[in-house]
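First chain A sits with chain B, and in the next complex the same chain sits with chain C.
Take a look at the complex of A and B:
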């Protein structure tokens, strides 16, 4: 990893504590570094600064200098440099640090300013917290508790505004709750590049709305719900479903594409209620696509595969099948770019034990230059690094989406990469195909070709391949297990089990380990701890790593052995393709 | 002491019999001669004259024009824009409209001289949306001037070119705040920008250095360049140079426009002698000296302190009538010269009702960006409206003051001050009237009192 250049540091004094922070840092962020909370609403670290909420008002001053000598003036009483305090409070969000800047966040002036702003924000607020989805994660609640006066002096009529406007397919707006911070407007314009939101009317009657004839329908619309500091923007899907304080948070990864946006899975009693982005400044900032937020729905889908036969019986059947096709090349393994690193490692082990060929199904679509990359497999890099494959899978022909993301991503995804396998089947060489969660029909094999082989299928949902398979091992979705992916930046990222899998489905690692053990007549570990001992011993790029050591924001690994490969991704938020790459999504 | 005579610089020809707003009339009266001479002089020399003149902006804040021009970022390599602020919306102010209607070429000449001095290639006149007639007059005048070579390509036969566009405003008071104006001119909602970093002199229109000046200010530039900065300092009083146009409205015998040397006339002379005093049978009660956002003055109150006269500090003890009408004197007594809009109220006016009127204006005009102004202005309006039309409470005065105190100094633009100063000053000076209002309401209204709608 190349160390970032050392930024110029500036020393500032916050509530009496000196701290050196990089030039260009604003006072809110500088204070954060010394654990001083500067309450704010409109400021968002990834959006432009407009300074409109005035919640971040604080007292600031600069060291006094002698006009003649330019030397700092020392206060004779304290012996410290004299500070010229600005008589009016200043905004922390819009003020960048400068050498010697002094900040007070607890002075009477600051307290008064905060109490004033809090009171103003609440007078026309409906205070419908008992029925508001934001309750529990609402900045207005938190900061009125922390910085408000705690009583009301307002006896007038509150303003009345639209209570439920559908801004687009996924976002519902309650204008009365809106505090007019304009975060959603700035997000749509600056990040989603879909300038559809604005205020109409003036003053306290200002009302958020879509421009005439427009909708907030882009694939990032739900990020406005995340950044709305109050309950004005709500997810139409999540609205009224569950109180957030009942929900358990589990870190996960968006598996839609090789971007690997960091996410949080919110669940209760084994049921997932929503997915939200998790901040990673090197991957997805604070954003994620809407399409990725719907992926959890598949967990509860009616077509989930569950076994009625005992796992060991299924393994025995498979072992029998393997024994009957023991000659080299009679068995082919179709690995998956959706499998975790650990699963791919075991897939490789299984293929070796079976003397089988390995291939990967490619999934290529259009990138959106933000958080959807052209490679719709989250972990093709993992398959390369673990050695499951040595070259990139061929890009398939255009086929319709197999599992729809509800039209949010328009262009079809080309699924394929199995032309060599198809030829081998046609030539009669391959008799058994082990597919790790891949629908071989969707990947380009014909029903006739499938009919000519025995299929062993590991997967979560029913499809043409599971229907045609001789043996089916129901396995777990990404939300039901632990593991890692390697994203397009060669960043190793962890995901964790949020909910238990259904009865009759087994962790892929257990299935793969048992099959490998059966094929090789030697025991094989299936727990992450033991597996990582093997992985770090055998995979050079992971030599120094263990599962426990992977930080929540991921770990960049050495990509040089793969630098020359023609990856399909074009540029996205924090990713630039190597010059050699074939960018399919220009 | 008798009031001095008017000193008409801007209004030199305005109201003269037969004086019309077309180019021929303007040129007949010596028009565009200053521009012709100016374009042969080094631009820095013109800026120097303006600096020497001590000219202070007539848009409201009284910021020295030469200093403003000196702050312009001339090293960025970006074009420099000049914007004429003709949005005139401050209640009580109506001078810019009159200048544009009666003598548009004076403004155009002042603008072109200022553009040449600052190497501006493109100027805009941002005229209040509700002044369509003024916009048409300006359009016609610019067309005439362009045809005569005073605007556009190769001005007065030189290599210097500069065009002027008239842009009609978006129908809101806040479009007059310079950064709101710039946003509006860029085609956006007139939300004022935060300063720093968006000082117009550095990051103004289209993120380029920009000069924003009031109509009257730019007309003064023409006079200054013609007669020299030193000559201008001889008009008016030190630090308050030149003339001021007072737009007197309200309860006086002769409301209207009056141009006097700054500081050479007192409030009393202006109202009693020039404007003919109160209406028959009435007495003056209060006056707002510089547009509705300036703090109100109560007849009968006294202001004491020390002020500088020449090199010496002398005591002053003024009633409202004694205050010289200039930026500094009005500033000293806690109000401001502002835009020159003098609003006079006599004893028929109830101060709660007058404030209700002002509050209705400001709550309607807040752009709504920043919380204190947006919510505070409407809250104050709701309180005063309730007092007038519903139930008035004894504690409302204290509440009003407290709400108003939570606004100024905490907002993006000076509207925060503009909307809170009326309430603060009305309560400070007429607090009793607010406290008594629950009783006042029960009594019959005085004869001639205005009905608040």
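Take a look at the complex of A and C:
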């Protein structure tokens, strides 16, 4: 592999500390590298720079040079190069580093400038922090503590602007709190490509609005809420639900597509309140789709499966069923692209112990070239890498709407891939089907076919398959367990348990391990630590890896054995398909 | 948008003056306002389609500049200067005289739709204050008497129509 060219480094001096940073870095990012915080509102690392909040003012200077000889001038008092400081403050976000640049972020002038900017920003800002949803994660609140003057000199009337405007189905706007940073406008225009927001009027009457008759309704609208530095844009769903400082943050992965956007689950006392994106510059930058933020609602759904029978009794029933159909090919295992890598590994072990065929359910929808890919399974690559399947599941032609489409994604998802299994059932070869969380009827099997076999179902929610199943193991959703997924870039990413599962539901790993143990009459590990010892020993791509070693930003694994496979993928934010994508309209 | 053929012609012509189309936003809005008298609500979409922008981009421009009108005005537009020199020499009284003559208030359309009176910032003729701009004609040293005379003239012309 050719090493990427080393970026040109530029040495700058920030608050007296020398640091080499890549050319083109701005002062805010350079200061971040030496752990100096330059306060800012309008600047966002993933958006264009406009420099309209003026909060990131810094003092800067360049080494003085002799005009004739171009030699640096040395200060006779200190013996160091003399710095020509610019007498007025400059904005840090719009200033790119240049060799020898000197920056002061703590000088009296900078402090004065920040105080001045804060005072102006607070002139028309309502002091309603006690009832504001942003309190606790508000940049304005933080920076008035850090850089504000502490008391107000403003005796005039604050101006009045629209409150509680519904900008779209998921976003509520309070214009009085808006500090006109324009992050949301730039996001809508540059990232979501849905340019509907803008400032009308001017001066202190400037008001953020959506064009009359239009709505901020795209599938990325809630990112404007995340990047809003104040409480102007709020999520209609999360509004007034919970104070953010009570919430526990757990890292997770968006399971709706193979992009695997990194997320944070915000929960309190076993209840999830919201999902937000987590920055990963190689996967999702700082964004995530709105549809993925709805997924936690299924956790509390009324149709969650819970066991009434003890787990061991259920396992014994399953073992009995397996024993009666011990001939090779009599049992089929339907794995899932929604299972974690560890679950898929155990599914493979179970299938091997049962001498069963394995297949995966495919889910294909329309990609949006951003963070929704065509492959709507988060972990098809995990099934390939662990060896659960050796070829990609067939794209189905059935178009029932599955659970994951309940959000804002309008395009139907084509679920399928079980045609071979259907044929085997019709031929009377398969007597037992073990389904790992997959609704077989939604995936294309008929109710009649299902009636001809005994179904063992592991799943979280009630559906037609769980109703028809002989044995049902209630299991956990992605928010209730630990594990890993392999996304479309073959990046192994971790998700963690945010909330406990409902009573009567068991971790998929424990169920799978117990079933495998019952089928092979040899004990099988079910905890992640021991499982990963097995996985790294058996799966070449995961050799030398363990669960604990996977960094929070994911670990790229060797994808070369699968490079030739025709993945149903189009381009997304940080992914370009290697092979030509399979035409979706065929 | 119901624009005159001549306006449409100038619009197509003025777009070619700029390296990027969006730069023609202001000239286009001026042309439409000259033609229609104000900027009707469908302007944003029409200009946006013409210049390959989004309607919100045009709305931002329209609302930023106070001289773009989003409501119709009277047949004649009387602009009375309110800035320092004119104010010192009786600009306020001149404005009030016009308001009385046409039985209206500044910023509003007079009954019958004949005139709109605006009390505007400097018209750049401080030496001959107070000054008044009626449509495109500048009238200098407009005291109350001259304001009455100008009003009578407008009323007479209106009667002739």
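One rule holds in what follows: the second predicted complex is superposed on the first by the 570 of 586 C-alpha atoms of A that agree within 3 Å, B and C clash if a C-alpha of one lies under 4 Å from a C-alpha of the other, contacts with A are read in each partner's own complex, and residues count from 1 in each chain.
Convention: a residue touches a chain if its C-beta (ideal position, glycine included) is under 8 Å from a C-beta of that chain, and two chains touch if they have at least 3 such contacts.
Worth saying up front: this structure is predicted, and the values here are computed from it rather than measured.
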Contacts of A:156 with chain B and chain C, given as first, second, both or neither: first
Partner chain(s) touched by A:179 [first = chain B, second = chain C, both, neither]: first
Partner chain in contact with A:202 - chain B first, chain C second, else both or neither: both
First (chain B), second (chain C), both or neither touched by A:117: first
Partner chain in contact with A:246 - chain B first, chain C second, else both or neither: neither
Partner touching more residues of chain A, whether chain B or chain C: B
Touched partner set for A:211, first chain B, second chain C, both or neither: second
Touching both chain C and chain B, counted on chain A across the two superposed complexes: 198-199, 201-202
Residues of chain B defined as touching chain A within the complex: 172, 174, 189, 191, 194, 196-197, 363-372, 374-379, 382-383, 386, 399, 402, 406-407, 409-412
Touch list for chain A against partner chain B, complex: 49-55, 57, 87-89, 91, 94-95, 112-113, 116-117, 119-121, 123-124, 153-154, 156-157, 159, 179-180, 182, 198-199, 201-206
Sites on chain C touched by chain A in the complex: 44, 54-57, 59-60, 63-64
Contact footprint of chain C on chain A as seen in their complex: 189, 195-202, 209-212, 214
